[in-house]
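First chain written, first letter: the chains are A, B and C, and each begins at residue 1.
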Amino acid sequence: MRSLRAAILIACVLAGWEALFWFAGSSALTSPLDTIAYLGELLSSPRFYPHLIETAQAFAVALGIAISCGILIGFTLGLYRFAADVSEPVLVALYSIPKLALYPIVLLAFGIGMPAKIAFGAIHGIMPIAIFALGAVRNLNPVYLKAARVMRLTPSRIAARVLLPAAIPEIFTGIRIGFSLTLIGTLLGEMFASQRGLGYLLIQAIGLHNVRMIMALTLLLVVIAVTASALLLAVDRRLRRHMFGGS
Amino acid sequence: MTPVHVALRGVTRVFPATAAQREVKALGPIDLELRTAEFFVVVGPSGCGKSTLLEIIAGLSTATTGTVMLEGRPVAGEVPEGIGVVFQEDASFPWLNVTDNIAFGLRQTALDKAEIERRVGHALRLMGLTEFAAAYPVQLSGGMRQRVCLARTLVQRPRVILLDEPFGALDQQTRFLMGDELLRLWRESGATVMLITHSLDEAAMLGDRIGVMSARPGRMLEIIETGWGEERGSRVVATPRFGEITARLWELLRDESQRAMTGAP
Amino acid sequence: MTPGRVRFALAAALVLLLEGLSRFGFIDRFAMIPPSEILWHLGKILSSGEMWPAIVKTLSNVAVACVAAIIVGVILGTLIHAWRSLRETLDPLFAAYYAIPVYAFYPLFIVIFGLGDFPQVLIGFMLGLVAVIVNTLNGLDRVPRVLIKTARIQRLGPLATALKVTLPYAVPYIFTGIKLAVAYSFIGVIGAELIMSRTGLGYEIGYAYNSFDNAVMYPLIVFVLTVAASVNTMFFLWEKKMLARRRK
């Protein structure tokens, strides 16, 4: 049933796309078929791959940083009430500001190239992960904590053996969101701070008004993003079912 | 004269005023002694501080005034060794299966694996959970999850077992049967047991003594000696003595419950 | 030693540190100018009025995008919630939405809608919309069944139920979506301006960056961040007040 629905959704999107193409003309976009064909060309061209690898590497590192720092920050704040009271409004404010505005500062700090991209990606992803990790600690069922105290566990044991496993479903939701945001952050970083990578290709194409390239790249990114998201969503559901049953 | 296991003197719990609410006198003053190996039941109207009392005895919270002594040593701030608690809410860890849940506390100690296995196996048989040993809490009913929590508490061989309305979520018939089980476990463990319940029937048929608390701030109104010997639990429900005890409990609690319901001082 | 005071102290310490580092040359003037100068230049820019058209344009675009995203988002969220199979189809799309480079559609919008403000507003709107929808769905999910049954017994129709029972209950969760919509509207509009516009704060910041004009760039960045943070903090405090009434 689910794959049928997905197929219907994709069909609707393709139909809408085709209609839009028909309406707006080929100076604005390319038709679905053309786009897929061009993307195929790109993927089989050896000059394209270095860009793909570049983006993938930057993204992987940025995500790793975002996850580890995000969980660390979230847990620390969750466990130390006062620190959380001080920092939460700051976190909320940081999450909400257009980090794009910080981008010149990041560039000036890191220079052009990989570090800047990674920084940008990590900055985008760290917030939701930290916020969800903090929430996971807060929402920890207090009875687990009491039971652990009655069993005379030390605080570090409690954190590792009770808090962490109990928090995993919620942290994972944060990671899901952080994944998407880190991806977009890395791409944005590439758009402005790099001579390589998918983001760079994209901004080039925008500048040259190379519609085929824009569409093909966007399609590639959308497919990657949606697939990864769907996978993470499936894992998320399985985690929750394992712990909480039902749906 | 049986020795005193747990002694409370002048214990009160006051929650200080915050921006959101006035100061709350939750409990006290309470003077109470639990005799070694006895089965003590606490009843009282809603909000009288029964759970707070339990948490103070367990060392989970600290009394505002007064002292708590366990085996002659003071209890304050942290949970002393030898105490087991079964909470009202289900405290079984959803990410572990039944066996791992029961073994959890033991695995945090230096106990060797063979001994842990032995004790866990024994607890599984005792609580009738052997066929669910590999199941996860999410697959079990509420009653079974409480049994897991009970098992987890028992394997640690506590000398004092505190239970906060452990059967609160269960239906009446199951509660009767669980009461009998509790008695069986009490006898086998030899521990001092304090049970909090809002069911007068349960109190009347299980305890050696019943402490009746007043409405908030809870004090001990009266302690009733039931006089039960070996024969108690669901088997004494039809006896005249049971009727006397429940009548006395209701007499004491009727006004207090009214007070708790209307919030009148 | 309240949280507020600690926050203030930490912020002040950070600013002083930056001030010291830049004045004594540890931070290159090329990279950053001292905070005191940033503020001074900001004052100059605001009072001279030359940036006001850009500021007004950007902020009004953000406001339009945000309000539209909220209203349309709540309505769509409510409708999607009522139609189960549609929701299940769209769920993966919502989950993946924020990885999609929406900016790539910007040239497309310009071709279709022309060079005015609309493409940027549309981008801001599109970014904020899904956040509102997702959080509206989440909030409506959490309405206890018993409230819905009560509405049925009172014989309220679907519209009345939504307006009087379920949406009011879901408001705190919708608020999360609103805060996100504010953030995303800023990001969408300013980002679009940075990429391809000739007007607006995003463009001005990009221009200043490219001309190495730190005396304009930093003040504008600070301005944007301050406005965004303030709006969000306002919503945050409002939400807190609402939640305080609900929780024990």
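Everything that follows uses one rule, which is that contacts are C-beta pairs under 8 Å (C-beta built on N, C-alpha and C of every residue); 3 or more make two chains touch, one makes a residue touch a chain.
None of the values given here were measured: they were computed from a predicted structure.
The largest tally of C-beta contacts between two chains is found for A-C. Taking the mean Cα position of each chain as its centre, B sits at the greatest distance from subunit C. Computed from the mean C-alpha positions, the centre of subunit A lies at a distance of 18 Å from the centre of subunit C. Distance from the subunit B centre to the subunit C centre is 51 Å, each centre being the mean of its Cα atoms. Taking each chain's centre as the mean of its C-alpha atoms, subunit A lies 48 Å from subunit B. Those residues of subunit A that touch subunit C in the shared complex are 2, 5-6, 8-9, 24-25, 27-29, 82, 85-87, 89-90, 92-93, 95-102, 104-105, 107-109, 176-177, 179-181, 183-184, 187-188, 191, 202-203, 206, 209, 211, 214, 217-218, 221-222, 224-226, 228-230, 232-233.
On the side of subunit C, the complex with subunit A involves touching residues 3, 6-7, 10, 30-32, 85, 88-93, 95-101, 103-108, 111-112, 179-180, 182-183, 186-187, 190-191, 194-196, 202, 205, 209, 217, 221, 224-225, 228-229, 231-233, 236. Residue ranges on subunit A touching subunit B, taken from their complex, read 141, 143-144, 146-147, 149-153, 157, 161-162, 165-166, 168, 242-245. Residues of subunit B touching subunit A in their complex: 55, 58, 60, 78-79, 81, 83-85, 87, 89-91, 93-96, 104-105, 108, 136, 138-139, 149, 152-153, 156.
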